[in-house]
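Okay, so chain A shows up in both of these, paired with chain B first and chain C after.
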Partner chain A sequence: MSAPAYYELYRRSTIGTTLADALDTLISDEKIQPQLAMRILHNFDRIVSELLKSEAGIAKSKLTFKGDLHTYRFCDDVWTFIIKNVLIKLTDVSTNDSNDNEINVDKFKIVACNSRKAGDL
Partner chain B sequence: MSNFEATRLYEQVIEEVITDSRQDFEDSGIDESTLQELRKIWCQKLSQSSIAKFSWDEEASREEEEALRQQQQEQQQEEQIHQDELHQQQQLHHEVPVPAPDGDLHSSGLELPNSALSYNTTTSVASNNSGLQLPGIKSEDDVGDDNGLMIPTIGQADGTIEFTMYSSEAARLMEKIKRKNQNNLKKLAQADGADDFDDDDIYNDSDDINSDLDDDVESDKEDDEDGQDDGQIMLCLYDKVQRVKNKWKSTLKEGVANINGRDYVFQKANGESEW
Partner chain C sequence: MSSWDIEAVVQSIETLYSTNDPEKVKSIQHSLQDLQKSSDGLKLAEILINTESSSNCQFFGALTYTVVLNSSDQLTNEDVDQFVEVQGDHILRLAHNLSPNLFIIRKLLSNVSLAFIKYSNHFDSPMKWLLRIITGAVDEVAGDSAEQVELLNTLSREYLSILIYFSSIIVEDICKLECPNRIHELVVSGQTFGITESIFRLLGGNIPNGLEVIGLDCINSWVTYTSLAEDTSIVRYPNFEVEGTNTTHSVILSFLFKHFNVNLDSDIINKAILVATEIIEINPRLLNHESRDYLKLRMFGQDEFGSMYIRNLIDEGFQEELLTLVSLFIAILRNDILHLAKTVDTDETRHILSMLVELTNVPGIPVEDEQISDLTLEFWEELANVFIDDEETFDVLFSNRSKEEKQSFISTRNSIFEEICYIYWNKIHIPSDPGIFNSIRSEFLHYRSNVSDFFIVIYSLLKEPFYEKLTDNICTEIANRNLIDLESSLFLLYKVTDDISYLESQSSVLLKYIQRIFNSGLLSLISNSSYNNYHLYSTAINFLSSVQFFFKHETGTGSLSEVFDLLFRVLLHDSKGSLSLHCSKTILKICQECREKLVDFLPNLEQLLVEMLRNKDLDNMIRQRMVNSYTSIGRCVRYEKQFGEIVKNELVEINDRVKYTLPISLSSVEDDMFDYLLSLLSCIVEMGKASQIPNEVDEFFTPEQQQFTTSYWREDPLQVQSLIFSIIKQFSFSSEKFDSLVTEKCCLILKSGLGESIPGPFVFPLPTILEYVVMKVENCIEPNSPSSPSSIPFLYSLIESIVLTSSSSQELSSELMTSLLLSIFDSHFQFLQSDPDLIQCCISLFATILEKKPSLIVHNPNFSNSIIPFALDGLLAKELFVLKVTSKFWLTLLTLKKGNMQDQTTVKNLMVESPVGQVFVYSLIKSFINSTRSNLDCYYQVFRNLISKYPTQFKTWTTTSFEKLQLEKEGRTIEKATSDKFISKLVVSRGMRSANDVLKSFWLESNGLIEFNSRSY
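The block that comes next holds the complex of A and B.
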């Protein structure tokens, strides 16, 4: 394939799973073919990846987290962490909200792909 | 914690995916209405997940309100009609010739022509209306069904309602009631998937080789590693992951995170954790 490939990682997010659900509904109603659904999901991969880039100007927030690393795994260039007792801080740059938002979470999972390959896999 | 950015990102993603998929739909010979349906279902499912507030949610809630109001109006009208019917029914009941022992029908509020009863002049008011109206249970919001049986709707939440009826056609009546109840059962409003009443496939849905023991081991493992896969997950890219002894530092970017049922997006993330 000559066009750059994008990670399918974001399909696991809410926006991705709901799209997959919606496509499933249309497939089981026999309104579209599975092949078309695959193409839509590829479109989704590309669009989410592009919109998350800083150039798109939508995602600006900064996030920091601190916790106990329970599991780490590095496989096929993908990092997976399971962190327990995490304190997550999010600074929303877009809404001049001076006080940072903090959330405590018992268990948190991170799946991260290599940023250098994103978009030119 | 605001997740305004997630809302903006998701709305933009939907817009662009729908726009960019138009050509793919055309190439597959699928028409525009299906594409719009995809968008509609997608938006609905996103709203159901309640991970953020969306611009279409407000519209939807306004529409819902409108629909609700309309429904109420219709209901009121229906009730009115129903009451009218009831009224008529009662009148019909009244006209049924009742073998009254002593002609006490007079002055009981019946609208029978006086002349028809004129030979009956005894006016014992004591048994006024007797035998013509069902006792108290018959109220305005009774649910009448077509076999002439009135089953009262009683605002009772704790337990079953018991009442005794006498009828010459008891067997036939019971049959009708049973059928009606069954129909009602079938109309259970279930929104989360198909209703499966099949209870005999619990045991034979897979090969018999898998024993219960295997299942337990499997699920334990899953709990340990992927237990909360649905929530509390962050999907992103990494720039750097460093470790010094048991301290891990990671530099992440361009991520989507689901935390406590809400979605957040971020441009950069830094994390420290001890193993």
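The block that comes next holds the complex of A and C.
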């Protein structure tokens, strides 16, 4: 079968898990079929991916970070980085005059996929 | 619907497409869908598609065919043939009046495409089929391209367009639906691609009017499709041809390139540019070397299409079209960026880059007037990164060349980037018209931030000379008093400095440049400028915050006085504005980083601080930051008598303010006055934080100082600690309304000295803290008291902090913990069970104790009598925050990493010898089955550790638990065979990662649900 069109990464976000819970309830109550739930989640994947693209102009926050690269791997087209002793700077131009907020964290994991994936376009 | 009346159906369809009433739409849709799915579906479709008087009905007829095809399980080959034949008849009939019927024809074409996707074993050549029925060819359509073109040449424009639409629809449908991979091979072998190619061969000669746009749209559909096909099958489309052919440009590309002609309509050119961009961005392999070079020449060659079209677009002011063209330029160059970087010194590349530089420098305010410079910025950054990341490539490139050649290459490269930097420096000037700036504020600041990132990359490439140039510019701007230019330069320098000062080794090389800026009179120029110049002040304050390393160094210490003058002046001038908040943050940063150098400033700062403590109108955050700044410097006097006095004076002032402001009870205080009072309490929190020893005690104090400090704070001659406690008590038992806010602050004060290795003003004796906690918890639970139950989590969290910081201390004994828990937990068991927040804070404390020092509770008889039952009840919770800590509790109890042998034995006996193990497994399984999908992660580790830690008991416990669940018959029934299979699989997993999948599958099966995700990350 062909590969799914959009990444399912964002299903792990709070909004994604909450949506999955709600769909489970609707399936259990026999209000919808599981196939419809799958379609809804595919739509969710597509919409989140599209809205988070810079061209959409919605996400204006920027996150930059520095730290010690502890692990990196590239497997199945997915990059994973584990960074330790990280200084994270959050810039949100929509709320202030580009003054950064800084957070220090011990460990930071990044999972990154190619935004130019075939079906994503 | 057993019987139906066609007139009523027609009426319903017309209403469906005309009404705005959602209820009506829903009800009509429902009844029509029933009819479509009934055994009369095909008959209905036939009647509707022939209803010539209504396009809506005809479209609904075509749609009904789709429903029929989708709801049929498995059609015979004859059924499929008949189905497509019927669709073909309708297409031919409707094609006589193409334009109004197009949407119906497209639906019918889509039906045929669906038949191909579903029944490709039998119906494998849809394009061939359509060409045959359109041309009326009796014989099979030949596979030879020349013969196909000959046949196509006989067709009208309408029929050609139907063929092109069909080609697009087939590949779009394959992309949309989940198709088996072999379908991609059929697209080639069944001549779908071949006939499409023949159509473009025909169009390449002479494009009939109106076919340009649909032809380009068709290429676009194929671009996306080829990417999918190549990704999931062995089919390849090199040079947009099937493998084996090897021409300069394929017919499809020739058709596309034909549209790069300035004499054509701009909409068509724009479409062709978009398609070319799609090809390069999605599947550049569709272009071979010759095609790429040709495209590059057409876009960047002297007097070629690209340069001529740019001029036209700029002259006409077509912004959108210009952006589309620039996107294509960037896509082409990005694809070949390493080659471009290697040849920056050649005439050809210089010409290309100068075209792009010119476009970057398009006049106008970014965001407001132009978007091109934003588009090109990413490309310039990528190009710069090639030089940085592929340094070795360039070393190899110049290994056989002379030094002079290398130098010339580098200087060409540098001058290109300097030119680009100059353009962007100009672009980020704050627009002089405040109206324009405010309307694009966030987008413009975003743009500025992106430009600063580019400058950071350029610094990595050009290093110190680039920084020097930036500082030189600033010095010149200061000398010329050019405030607008100065703001832009200072902004970029601040961003670059902030980035590189992360590493001390890098910041030390910058000292001389920063000194040059301070020596040239930056501070006096800013001080003398108007406060209306908000951006200049804001940028200057940011800049000062980024150069702490300079103030820390002896070169910069001399500037501190002037810096503080400026910062405090701004802060006091604008005590409620954002600039002052910003200033206070910078002051705090400087005071914390350079505290050693600021001890002489204490007397002046004290006066300011007293003013700020008294000024109710001052922003609370500023007041708190100033207290922290002042105390941080005070901590560095290293003479405890003096430090004690500093802390005492601050506390006395705060206490006076509290006494002066606070009436008998907080309950009668207005909200804004309460904010001020709470801020005074927060000031003590800040004092606590700032009083902590900033590094290792041995590094901070000499042995004599350590001795003196210890004896001084044990004695506490100024009664600092009792004063702190007296303030805490004044607030703590005063008002239920504000109690949780006050308790939070009081607990933070008491936490601030935990973990300190030497006594200090905020290092309170453990019994004193615990006494406060016990008293406060009692008060919180007591009805009609001034304390609120919502304060309890803060008090528990305070004990958790004590466990975390003092677990190795002898003072924290199991006897002490037993007596504490008796007072704050056992006596109020039922009350604490009444609220999820309270359950969470209790279990979190127990989990932390088990994690850090299990012996504090596991031997306590109340552990099995009250703590374990409490944690078992935690498994019944639905709230994720409760489940998370409950899972942590059980996980820690199972692993008992910090437990000694005695602890391990006690817990093992508890689990195995008493019913605890069985009851726990029963509660765990019950809770797991009833859990929501989002909470499942909480259970996996607990199950896995249970299997590995108690392998022999696990099977018995789970089997008995399932039997009990079976008897209870709550929710879905789980068959014995299912549960046995699940138990066996879990046992076989031995607690390894594969247990997660077993658990998930069981949960899905038990709840009648399906797995939504195709993969996990």
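Quick notes on this structure:
Keep this in mind: the second predicted complex is superposed on the first by the 111 of 121 C-alpha atoms of A that agree within 3 Å, B and C clash if a C-alpha of one lies under 4 Å from a C-alpha of the other, contacts with A are read in each partner's own complex, and residues count from 1 in each chain.
The rule is simple: a contact is a pair of C-beta atoms (placed from the backbone, for glycine too) under 8 Å apart; a residue touches a chain by one contact, two chains touch by 3 or more.
Keep in mind it's a predicted model, so treat the numbers as computed, not measured.
By the touch criterion defined above, A:87 lies against chain C but remains apart from chain B after alignment on the C-alpha atoms of chain A.
A simple residue count on chain A separates chain B from chain C, and the partner touching more is B. Of the two partner chains, chain B and chain C are each touched by A:18.
Of the two partner chains placed by superposition, only chain C is touched by A:8; chain B is not.
Chain A residues 9, 12, 18, 21, 23, 60, 62, 64, 66, 94, 97, 111, 118 lie at the interface with chain B in one structure and with chain C in the other. On the chain C side of its complex with chain A, the touching residues are 175, 178-181, 224, 227-228, 231-232, 278, 281-282, 442-443, 445-446, 448-449, 453, 502, 535, 538, 542, 578, 582, 585, 932-934, 1007-1010, 1012-1015, 1017.
Only residues 1-2, 4-5, 8-10, 12-14, 16-17, 20-21, 24-25, 28, 30, 34, 37-38, 41-42, 45-46, 49, 51, 225-229, 232-239, 241, 248, 250, 252-260, 263-275 of chain B touch chain A when the two sit together in their complex.
The touching residues of chain A, counted against chain B in their complex, run 7, 9-10, 12-15, 18-19, 21-23, 25-26, 31-33, 35-36, 39-40, 43-44, 47-49, 51-54, 58-69, 71-72, 74, 79, 81-83, 86, 88, 90, 92, 94-95, 97, 101, 103, 105, 107-115, 118. Chain A meets chain C in the complex at residues 1-5, 8-9, 11-12, 17-18, 20-21, 23-24, 27-28, 34, 37-38, 41, 57, 60, 62, 64, 66, 78, 87, 91, 93-94, 96-99, 111, 116, 118-119, 121.
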